[in-house]
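Same chain, two partners: subunit A is paired with subunit B first, then with subunit C.
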Partner chain A sequence: MSNVEYLDVFIDESQEHLQLINNSLLELENQPNNLSLVSEVFRSAHTLKGMAATMGYEDLSHLTHTMENVLDAIRNEQLEPDDKVMDAVFGSVDDLEAMIEDIASGGDGKRDIEQAVQQLELALNGEVPEVPNQTANATSETEAMLEVGTVLDEGFDQFEMTVLTQSQEQGFTVYQLKIELDENTMLKAARVFMVFEILENMGEVIKSTPPVDQLEEENFDNEFVVTLLTKEPGTELEQSIRNVSEIDNVQMIEINVNELKAGLGQQESAATETAVLEKSVPTKKQPASSPDQKVEDSGSSDQQPKKSDINKTIRVNIERLDVLMNLFEELVIDRGRLEQISSELNNSELNETVERMSRISGDLQEIILNMRMMPVEQVFNRFPRMVRSLSKDLGKQINLTIHGAETELDRTIIDEIGDPLVHLLRNSIDHGIEKPEVRRNLGKSEEGQVELRAYHSGNNVFIEIEDDGAGINKDKVIQKALTNGVVTEEEIEKMSDQQIFSLLFASGFSTAEEVTDVSGRGVGLDVVRSTFESLGGIVEVDSELGKGSIFSIQLPLTLSIIDVMLVEVQTEKYAIPLSSIVETAIVNKEDVYSAHNQKVIDFRGKVVPLIFLQDTFDVQEAGQHDEYYSLVLVNKGEKMAGLVVDSLIGQHDIVLKSLGSYLTNVFAISGATILGDGQVALIVDTNALIK
Partner chain B sequence: MSSVLIVDDAAFMRMMIKDILEKNGFEVAGEAANGEEAVTLYKEANPDLVTMDITMPDKDGLEALKEIKGIDPEAKVIMCSAMGQQSMVIEAIQMGAKDFIVKPFQSDRVLEAINKVMA
Partner chain C sequence: MEVTETTASQDLKVIVFQLKDEEYAIEVDYVQSIERMQTVTRIPKVSPYIIGVMNLRGIITPVIDLRKRFGIEEKKYDETTRILVLSKDNIELGLIVDSANDVIDIPAEKIEPTPEVVGSVEEEYLRGVIKLDRRLFTLLNLDKVLHDKQS
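Coming up: the complex of A and B.
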């Protein structure tokens, strides 16, 4: 049977389980006594193991199995989840992740897991033992014993003989059965238990080789011999046993006790040997009683209340959502057209219908957008693990707190922000948080605090990373910026502290004194900034020397449909994203001043530079001029600028279309859109206009 | 045609069993992702057979087995277990499970168990 068709589901579910394991393990580190967490991890590991084994990923299932043993020991309070143990478990989770990733990218999921397994064994036993073999080897002892009774005739001791004689007198038949299990049988003891249950329903087992306790521990190959007293007919007996799954063969002979008695003398020596191991007749309670206890143990810990919300969901390929979105965008364009046509025709019925349609499509838009939204948790999830291992590597103590992980963002954005956020976090931990001894000397607590926050505000989502580390050394930044030629001394003089900190995001910047493994690997913060900016986001940094720094990222909720202000520059139409507009204004031309070769206005006590879109975009003169300037005031962080346009049209929902691969790097244009009347309007990238 | 209710928390596993069953002429009466659903579905669909995973969130296979047996003492339930759950399997059999299959599933093993139980 080919398993390829299950691969996607397998990968998806495995990843979910790994994430669950990761989360629970991290929580467990904080609350080592919370055994319900262990149960949760155990359950996930267990499911994972089953799936992996079914798919034939042996390394994966072997490692999960070993991990499960450790978890089981923790769950049964035989093992303390101390650092060493947790490290081993985390280590193997890393391996598991790598394997799943390999499988996801088309690999065979093979990996050298020897080390991880050894670590786990070490954690479990305090020493490195032999790799445990599930298909338990029969001990030499039992092998020897089975040889004694190869052809079913085993010896009986005096006591057993008495029992046999008496029962025969009472009309019981004595059968000896040699039962062979399928060699691939997995839970042999359970199989044996099923056989015994049938036997005991039909009669009384007075002897078994190997003895019952060894059978229970799976200390036998694939066969065992039992002696049964019964009144049932032999054929029925044989049939019922054969009806148990995984029974390969049943050999049955009837024993004539009198004949046996005759041969007793010769067999006595052999008989005493087995008798030592098998003294009492009423063995029949054994297979039932001791597993019972085990069940109670594992049962009770399993009954801990578990609250994992099960939402009814279906999985939809993201591509389908993209297609849906695209189709809807087309619809929005046509809706715009329709609105325009209906307003021109001025037919009340048409108007009504179009209005209704607009309302519905507005709801539809919201739903489609919501469908694409995912909690940032997706991205944040991996950070605790990363911070944990990072702080170990760097010898720092760090407590990462996460707030607002449930904040939702468009899937496209979620996919992109992972790496830059990792970069910022690493930055905070590597450059920000000091080593414990330094912190102690400074009178701070040895444990550095890093806080990761996400929250909604208006049409934006903010993500902030705050640490209570060393902060940014302004002088050092200035010095570096000057030596690297990022800025001139003149420029620095005019800069605010924040602007100076922002220089960190200029290319070629790394203030770490030593290049560590963690950050400062040549990928500067400028890459981080450009990633966020390509998503329509803004990165800012603020810091207080000695107290810590805060990086804040502002991201749009979604990318494809945006609210804009449509403006006219001569005869061309442009769209300015509403998110960056502060307000609109009309100023008299007389109120425009010149400063530093730049036209500026005095806007509520602030000097705001003007940017003439007509010049910026080389728009052809069509000869319309008023004595007023229509302004759209836009901002980028703290900075403001006034965009000079000819007229303001109004606010619209538009669909952002990229300019395609031919027109990359068009200055200050982030895309285009089709308007209701079929005209194309270019979307202004105000971030590029404000320097 | 015998109808089977599949209970497993992993969609992957359900899919697998379902395929095995459908390829061999069984009808899938329903799929449940936990013990709770299993009991409800059992009442609704009254299947000829149940394959029941042991480890599941909320209500595990053993509890579900107990409840199903309570509703219908004749219920035919096959436990699905992974290695290392011997004691639970034994408990399940004591509670009246007819057979068990061990993950990783081999389709002939699954069929053997089902055919024997249905015989």
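Coming up: the complex of A and C.
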């Protein structure tokens, strides 16, 4: 294919359009009378079709085309968007998604679309009788309105005439445009597509010669004629089209439908030839044949405000951002080194410069990290569709509400959390929400509520999934945990409710009595937990029997640069993430007690066990001992522990690096970092130390 | 193996290094660099032959002591000690050897299967022996070394 270089753009944009279609369709289900939603879907579908045709993906463009017909019928209120119709449309969107995915993974985007097309056509024809005869013919031919007329440039069949008359009555002006492309245009179809996009933004194209599909296949010389309904002034229209490059000439005339009707079609065609040079002939002379100018949107006026609120953005490949990040990480390491040198030299000018540099690089760091941030919407926006089809499959009624979709997270985290969140959502819907009849008997509303929330708090992002379903049966969990040998009875006795619920995340756990297709496929919640934990996250669950459950996930904002406390253990240096530190303290040795062979301290009235890093990490004795202990108090959820070190060096921003793939599962070490002096310091995974 | 070597595609370019009094060979394609001994940060609770990680131009690289790995008596690191940095399948690994100094071409027919007993080195880490003139090299099984699962 010659347009490989456009492929990435094509895939990106197609996915965006599909998402838009999905969202609007879902909204449409809730408010079936909101025709502006249909227009939105229609526009996206149309753009998608144009792009697909340009790129040569026939199946894709064919299916979109058929879908467009259905949408068009809905838009023109010839078709009621009922369940059957929506299912057909959703079905074809699934097919479209599959095709785009295939293309994205290097396939040819071919797919058997017979069934989807058939369903769409059935949906379309199912309602046809209600529609006036001519329109029915026009739409049921799987030909868009635009392609109906096969007469010459200026000829309009009766149906088109009706459309023209009606729109003129509604205050639209009819223009006929003849657009000439440069002889040397390489991608004619692309230009045509651009022109059509402009036209459709400003009004509605009701006819083109040659027909659109032929234009898209580049079956034309260098010029084509379109008929447009618009409320925009002609000058602006012409200017916008001229802005498209490789357009040689635009000729436009206004058409008076009444004259046309009067059988002056012939004269009209002559006018096309003569009046062409003067674009400004009768620009604003609106044939206001109907005094009551009903401002009824047919998708043109509601588009205008949209344009202005589009942010100015550019697309940047994520790889480039990664490279930028890597370079910046190098800089952070050198910054550390400079800081160290300057503190050794103690030269005031040098100190000042280094301080300034540190500040600037701090700002830079914030910007770079921000650039990698994406709204969780990226992940959340596929959930409504999933919940919709899931609730249909399971025969449950579910209302999913999403809050805080705009909350931002690092791209690397966004990429990872999709699947585990799907798992949790499915879990809530499958095991949590009861069937409608059960809910009714319980006095709940038949429709189950599932709420998905995301919000910021400190250096973390929280994601919560709450349902008002059956809740978790504690006894069942205990029983299951005991039979599976996850815990012993003694352990259970000491556990709080929340700890018991957390057993759900233990390996090999599934409380579903009947294994459905949805969840309980052997992949347990333990996988969910380990995925989140590998991202530095924590999963918790709380539940009230009969009232519902809530799963909450705590995630770090970003992964690569973290704040740590550097400590020394004999001669070795370790980094402890600030996020897990409660505080640091120095205690006298005599304040340490022994309980069950475990050294503990009394810290603010709480008994906190001590962990001697020198012993835990088998650090060689180097003869450094004081009469007091330096402590770093860390926590994991509710639990606390004091890490005993020899000295506290201080707080640093460090770049988290992996230990490489050769080393896997190193005990209590989550990674490494390069210090200012070029040495490697290991990062302590405090969660592994607290039992 | 290089495409340009199609005529002699059976040939192998190797780096020769020394451990105690034996010479070993390793394919040059996977050797990213040869470094002098440098500071290595110890990692707690791993196999004793993994001596730690080093900072190799910004990349954290694990380092293993090949003498320890093969159960050869230990020797103090000195001026001739080298770290061979291997890189394959996204795995980076530094091997500490007594010295490394030669790059030679070996015709394929010179590679012979490993004899039953070759010193004390575990057989699975070897891919064959090479006899060239009067020298005898043992060819290291790179995949085995890199994918060595620590206990």
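As a working rule, the second predicted complex is superposed on the first by the 503 of 691 C-alpha atoms of A that agree within 3 Å, B and C clash if a C-alpha of one lies under 4 Å from a C-alpha of the other, contacts with A are read in each partner's own complex, and residues count from 1 in each chain.
Note that a contact is a pair of C-beta atoms (placed from the backbone, for glycine too) under 8 Å apart; a residue touches a chain by one contact, two chains touch by 3 or more.
What you see is a predicted model; the values in this text were computed from it and never measured.
Participant: Looking at A:Q651, would you say it contacts subunit B, subunit C, both, or neither? Reply first, second, both or neither.
Facilitator: neither
Participant: Looking at A:F10, would you say it contacts subunit B, subunit C, both, or neither? Reply first, second, both or neither.
Facilitator: The first partner, subunit B, only.
Participant: Who does A:I669 touch here: subunit B (first), subunit C (second), both, or neither?
Facilitator: second
Participant: First (subunit B), second (subunit C), both or neither: which does A:I333 touch?
Facilitator: The second partner, subunit C, only.
Participant: Just to be sure I read the superposition right, which of the two partners does A:N249 touch: subunit B = first, subunit C = second, or both, or neither?
Facilitator: In the superposition, A:N249 touches no partner, neither subunit B nor subunit C.
Participant: In the superposed arrangement, does A:T488 touch subunit B (first), subunit C (second), both or neither?
Facilitator: Once the two structures are laid over each other on A, A:T488 reaches no partner at all.
Participant: Touching A:T54, do we find subunit B (first), subunit C (second), both, or neither?
Facilitator: First partner only.
Participant: In the overlay, work out which of subunit B or subunit C sits against more residues of subunit A.
Facilitator: Here the partner covering more residues of subunit A is B.
Participant: Once chain A of both complexes is superposed, is A:S343 in touch with subunit B (first), subunit C (second), both, or neither?
Facilitator: neither
Participant: Jot down the residues of subunit A that show up as touching in both complexes, subunit B in one and subunit C in the other.
Facilitator: Subunit A residues touching both partners: none found.
Participant: Quick one: in the complex, what on subunit B touches subunit A?
Facilitator: Residue positions touching the partner: 9-13, 15-16, 19-20, 33-34, 55, 57-58, 60, 62, 81-91, 93-94, 99-107, 109, 112-113, 116, 119.
Participant: Residue numbers of subunit A touching subunit C in their complex, please.
Facilitator: 329-330, 333, 572, 616-619, 657-664, 666-669, 672, 674, 678-682
Participant: Which residues of subunit C touch subunit A in the complex?
Facilitator: It is residues 39, 41-46, 50, 52-55, 58-62, 90-93, 146, 150 of subunit C that touch subunit A.
Participant: In their complex, what parts of subunit A are in touch with subunit B?
Facilitator: Per the touch definition, subunit A meets subunit B at residues 1, 6, 9-10, 13, 43, 46-47, 49-51, 53-56, 61, 65, 68-69, 72, 134, 184, 186-187, 189-190, 193-194, 197, 243-246, 288, 291-292, 294-295, 298-299, 302, 306, 308, 310.
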